[in-house]
Amino acid sequence: MIKVGIVGFRGYSGAELERLLGGHPQVTAYRLEHRQDTEHRAEPIGRVATPSIACTAPAAVAEGVDVVFLATPVEVSIDLSLEFLAAGIRVIDLSGAFRLGTLENFARWYPEEHKAPQLLAEAVYGLPEFYRLKVAGARVVSNPGCYPTAANLAIRPLIEARIVNRNAGIVCDAKSGVTGAGRKPSLKTSFSEVNENFSAYSIQKHRHVPEVLMTSGLEESEFSFTAHLLPVNRGILETIYLRTVNVASAERILEIYQAQYQNERFVRLYRPGTVPDLFSVTHTNFCDIGFQFDPPSGRLTVVAAIDNLVKGAAGQAIQNMNILMGFDEAEGLL
Amino acid sequence: MIKVGIVGFRGYSGAELERLLGGHPQVTAYRLEHRQDTEHRAEPIGRVATPSIACTAPAAVAEGVDVVFLATPVEVSIDLSLEFLAAGIRVIDLSGAFRLGTLENFARWYPEEHKAPQLLAEAVYGLPEFYRLKVAGARVVSNPGCYPTAANLAIRPLIEARIVNRNAGIVCDAKSGVTGAGRKPSLKTSFSEVNENFSAYSIQKHRHVPEVLMTSGLEESEFSFTAHLLPVNRGILETIYLRTVNVASAERILEIYQAQYQNERFVRLYRPGTVPDLFSVTHTNFCDIGFQFDPPSGRLTVVAAIDNLVKGAAGQAIQNMNILMGFDEAEGLL
Amino acid sequence: MIKVGIVGFRGYSGAELERLLGGHPQVTAYRLEHRQDTEHRAEPIGRVATPSIACTAPAAVAEGVDVVFLATPVEVSIDLSLEFLAAGIRVIDLSGAFRLGTLENFARWYPEEHKAPQLLAEAVYGLPEFYRLKVAGARVVSNPGCYPTAANLAIRPLIEARIVNRNAGIVCDAKSGVTGAGRKPSLKTSFSEVNENFSAYSIQKHRHVPEVLMTSGLEESEFSFTAHLLPVNRGILETIYLRTVNVASAERILEIYQAQYQNERFVRLYRPGTVPDLFSVTHTNFCDIGFQFDPPSGRLTVVAAIDNLVKGAAGQAIQNMNILMGFDEAEGLL
Amino acid sequence: MIKVGIVGFRGYSGAELERLLGGHPQVTAYRLEHRQDTEHRAEPIGRVATPSIACTAPAAVAEGVDVVFLATPVEVSIDLSLEFLAAGIRVIDLSGAFRLGTLENFARWYPEEHKAPQLLAEAVYGLPEFYRLKVAGARVVSNPGCYPTAANLAIRPLIEARIVNRNAGIVCDAKSGVTGAGRKPSLKTSFSEVNENFSAYSIQKHRHVPEVLMTSGLEESEFSFTAHLLPVNRGILETIYLRTVNVASAERILEIYQAQYQNERFVRLYRPGTVPDLFSVTHTNFCDIGFQFDPPSGRLTVVAAIDNLVKGAAGQAIQNMNILMGFDEAEGLL
């Protein structure tokens, strides 16, 4: 039985962490109160809430907290990581603060200043399907972005199998539910602006792009990415287009994916010609992958779906915690 | 051909005013720039926008503006009304600033201070179906709230016909789309808080209640009102419950409504046992009214529907302007 | 460990039963294949489905099935109940086939013929909070309708406490998500007819009304009910209006509810002046109840919310099964 | 003043035709009653409906109908086209019956048999921006599919300007609102299956693909198309990816589009780096086009948006009728 703290429990990812950890048999969760906010929704009398302590290293140490989840903005994550790590508490950070490996790479994609470049180098990128062993020994795990989680799981096996015509480029057309934009009110995520609407944003420039490049091995010039805002609460669906070289049949592509994922508990494959939709994965930690292939032309269209708050955030963070603490990797997630 | 100004054209009611006035054959509309805001959505090249001038009385006078629409918060409406009226420009105000007749009544329902109590007394409540003659000569028209527009059109004819058992009370269960809450970002109207949700608010205490009391003649103790937030962009549907006295048939109720509304262009009635839904009225200036009646018990259930941005705001404001300026009352609204 | 069968597992209530029973530690569930249907959504390779057997009494007996859930239309439920009961298998029926006690009452509200009037008399109405002891020994449990579940939990304690002015009547304005209408395609539940729309239906005539009358003790003439179709997938919210007699304070009303529900695991109360919304209850078996009270006028507005597929159908059916089989009443439901 | 008939006025495209033609100053519209259907929604008393006649050539001739719009399934369109053309009435068909030029091409993409191959050859493909002159003299106009309308307007100018690296292929990731699937109830378009979901369908195989190939000049092997079902009522947004050759700047791309569309009333362009969303075009006949370009890599991402029921169906059909009858092309459409 371990103790974990959640910072940012009022946000959507933080609330999902609290909800999922509430069902984890080896964890006692604490809310780390970082800001006082008022809630607009009422609660029933006598609701037993997660216990709450101050969001400081001394308070967490006093309580015996082993791991802290940071569901916070980049700057806050940097500050708090320094503080908790100094106190010997391991950190799983859900922001983009530590994903990009080097200060140069970070500065290229993020406007924020970075106070802890040494942690950029140290942090392990927590995509368990590819970096499981590194996660096991990490002090600080950088939980992947939601879009790159689906994109990398769909793309990397094909790149590694050397069946992609990289000259033709890879297109990733990504659509996300609105919780992916966080809980802070803004005109862009107001109901009457999003409902019955659909829009593309951050075309070619989304700060999740470098995560795909780092994990898949693609060059930026080879990869075209567009994010879109879907009028749904949860879920990401990515439609990925590429051209193959030397692939005779859809079965060959399925074999490549099966060879990669046969022992994975959270990646599910579909028969050629069939694909997942959002309902296949919402409220689960699965990444579902299906595809349509046209052998004569080599046109391959892959559809990958995840729940942005689970496999794309809180679920994957718990998967990383399970690895970190030596628990069964799926504990609390099925 | 007259000139009109719109203050608050970035809000939902103001934008609807601009859109509707763009199709009005006897009006040139101007945006009165009150605040500088940035927009998050792009516009096509060469889009011919409504001309824009400063939101001051001198600028409006210089341009020859005859009428100003205020789609602004209560305090702003009070300040601007004083300024424009002093310059001889007529005002149609869409806020709650001037609806309640007396300072006492205003103070009972609104937290704001009121700097212009004389305008409270002077302003004409612009529900044309009942106060058309007064609107015709007004300097300042107070456009009704969205909820009271539907409620009063449904309730008042029954009260006047003396068929309501007032001891049993009247219930108005009202549901509104999210544009009714305005465009200012807030957690309460964020997409992920509203979508797939449904909530009651301001139970028994909504500040639109006194408008129903004033127009229908009901006492507060006789009237139960609950507002609800519907996960749709537009539309209000109110389900109204009362018990009749001395009514033998549904046809009698239909006759009462028909006697009241036979010459009205924006009130439509339904056969007994059939009722409108939101699609009956969205994007129109109609108020649609239908009902179900059970003669033995006297239980009468009335359903009234409007578009909150049209008959509940911008459309009714233009209807009032048409009356004020001697145009055909339906000009630009069909 | 018991074995249970689910008929109608492709419908929304049946699918929710299968999902919830998958997490019940004392149950092995079987799909009883009653009709062959094709699905339009794909499934991942190797998905371990619930085992499937023929929907006949011999097949169920051979498999050792103890209880069958019928998530089927009224006529199918009548036929299958006769068959399974004859084979000694207990039945929990989610349709309206056995809720109304007598053939007369059934004939008044349902168009279907009833082949098994003896079961109408025998079936126990499975609202555990009021009929728990009867459920314990039943051969056939009739699971309540979704609307009456929330209405009865909100209304009956007030009636029993004799604080309701019944002359003034009780109004129940009910709104339901679209899964409540079942999964069979129809124009009324097509996306483009429901989305951005909102409509009232079955005004004063809904066949769930008699369930409220039977459990609450109200007369039909005292009760006004309107159902509305909300553009959301799940959830029911009911706004209930009545006038009290001899109640001095909101605390008195809270006491009445607390006296009734203090030991209930699935009814939650809110502080006076605060109420639940759909998000309070969706994906749970809770019925949440809050209210606003005005002592001078006696106007009481109660808001009750449930998930129509859980407390309003599958969850309550499992709660009944738990009682029937002597399990902890909340097993598999928290 | 001409007389036009609408077949299929109960469907979404037909209803939009009726609505738009109601505001067209040079047209009297008739409903041609082809099937008797019941409606589930009520109508106000005294609503003046479009006049209705039998859907036969003699009835239409007797009434003096000049043009018939067919908003019907493929087989019905073929039968009715033969009948009305034989009677000297011009036909604007909104189905896919006559879009593909030859019987071979039709047979490759459509399962239906084709009884009128001569009309396949004769029919003019009614995309006015490219085939305006041919439309002017046509007996039968085949109104384009919704997806190809946006795709062709976005792609063809770039192909003609020879700036596309066709070896790398063009990707069109298309998303449509649910009215695009028609009004016939089906599980795929049921509210609870679509709402909060998002899905890809007809990957690489959509029968709208050949319309893009025919108009743009692309080969099938060069073009990857995926359709997606968006949980909104109206609107299509297509994100189109290609790689350029010999293009130094975004301005060059804008020039190409401006050269093509400078005199077009229904195509609007956006400044480089900005793109339309659905709200830019819903309830209008515009096709809005914006793009993001990366000169070093040649990656070009174009976003095109239309209202599937207006520019994608009824609006474009009226635009074609205006051309056919010598009216101003924008009559009734602004």
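Letters A, B, C and D name the chains as they come in the text, with residue numbers starting at 1 for each one.
Throughout what follows, a contact is a pair of C-beta atoms (placed from the backbone, for glycine too) under 8 Å apart; a residue touches a chain by one contact, two chains touch by 3 or more.
This structure is a prediction, so every number in the text was calculated from the model and none was measured.
Between the interfaces A-B and A-C, more contacting C-beta pairs are found at A-B. Using mean Cα coordinates as chain centres, the one most removed from chain C is D. In this assembly, the C-alpha centroid of chain A lies 39 Å from the C-alpha centroid of chain D.
As a whole-number value, the distance joining the C-alpha centres of chain A and chain C reads 38 Å.
Chain A and chain B have centres, each the mean of its CA atoms, that are 46 Å apart. Counting partner chains per residue, chain D shows two or more touched chains at residues 41, 193, 196, 199, 231-233, 275, 277, 279. Chain contact summary for the complex, chain B toward chain D: residues 41-47, 196, 268-271, 274-277, 279-280, 283, 286, 288, 290.
Considering their complex, residues 12, 40-41, 177-179, 183, 185-196, 199, 231-233 of chain B touch chain A.
Residues 167-169, 171, 173, 175, 193, 195-200, 203-205, 220-221, 224, 226, 228, 230-235, 237, 239, 241, 243, 275, 277-279, 282, 292, 294, 296-297, 299, 301, 303 of chain C touch chain B in their complex.
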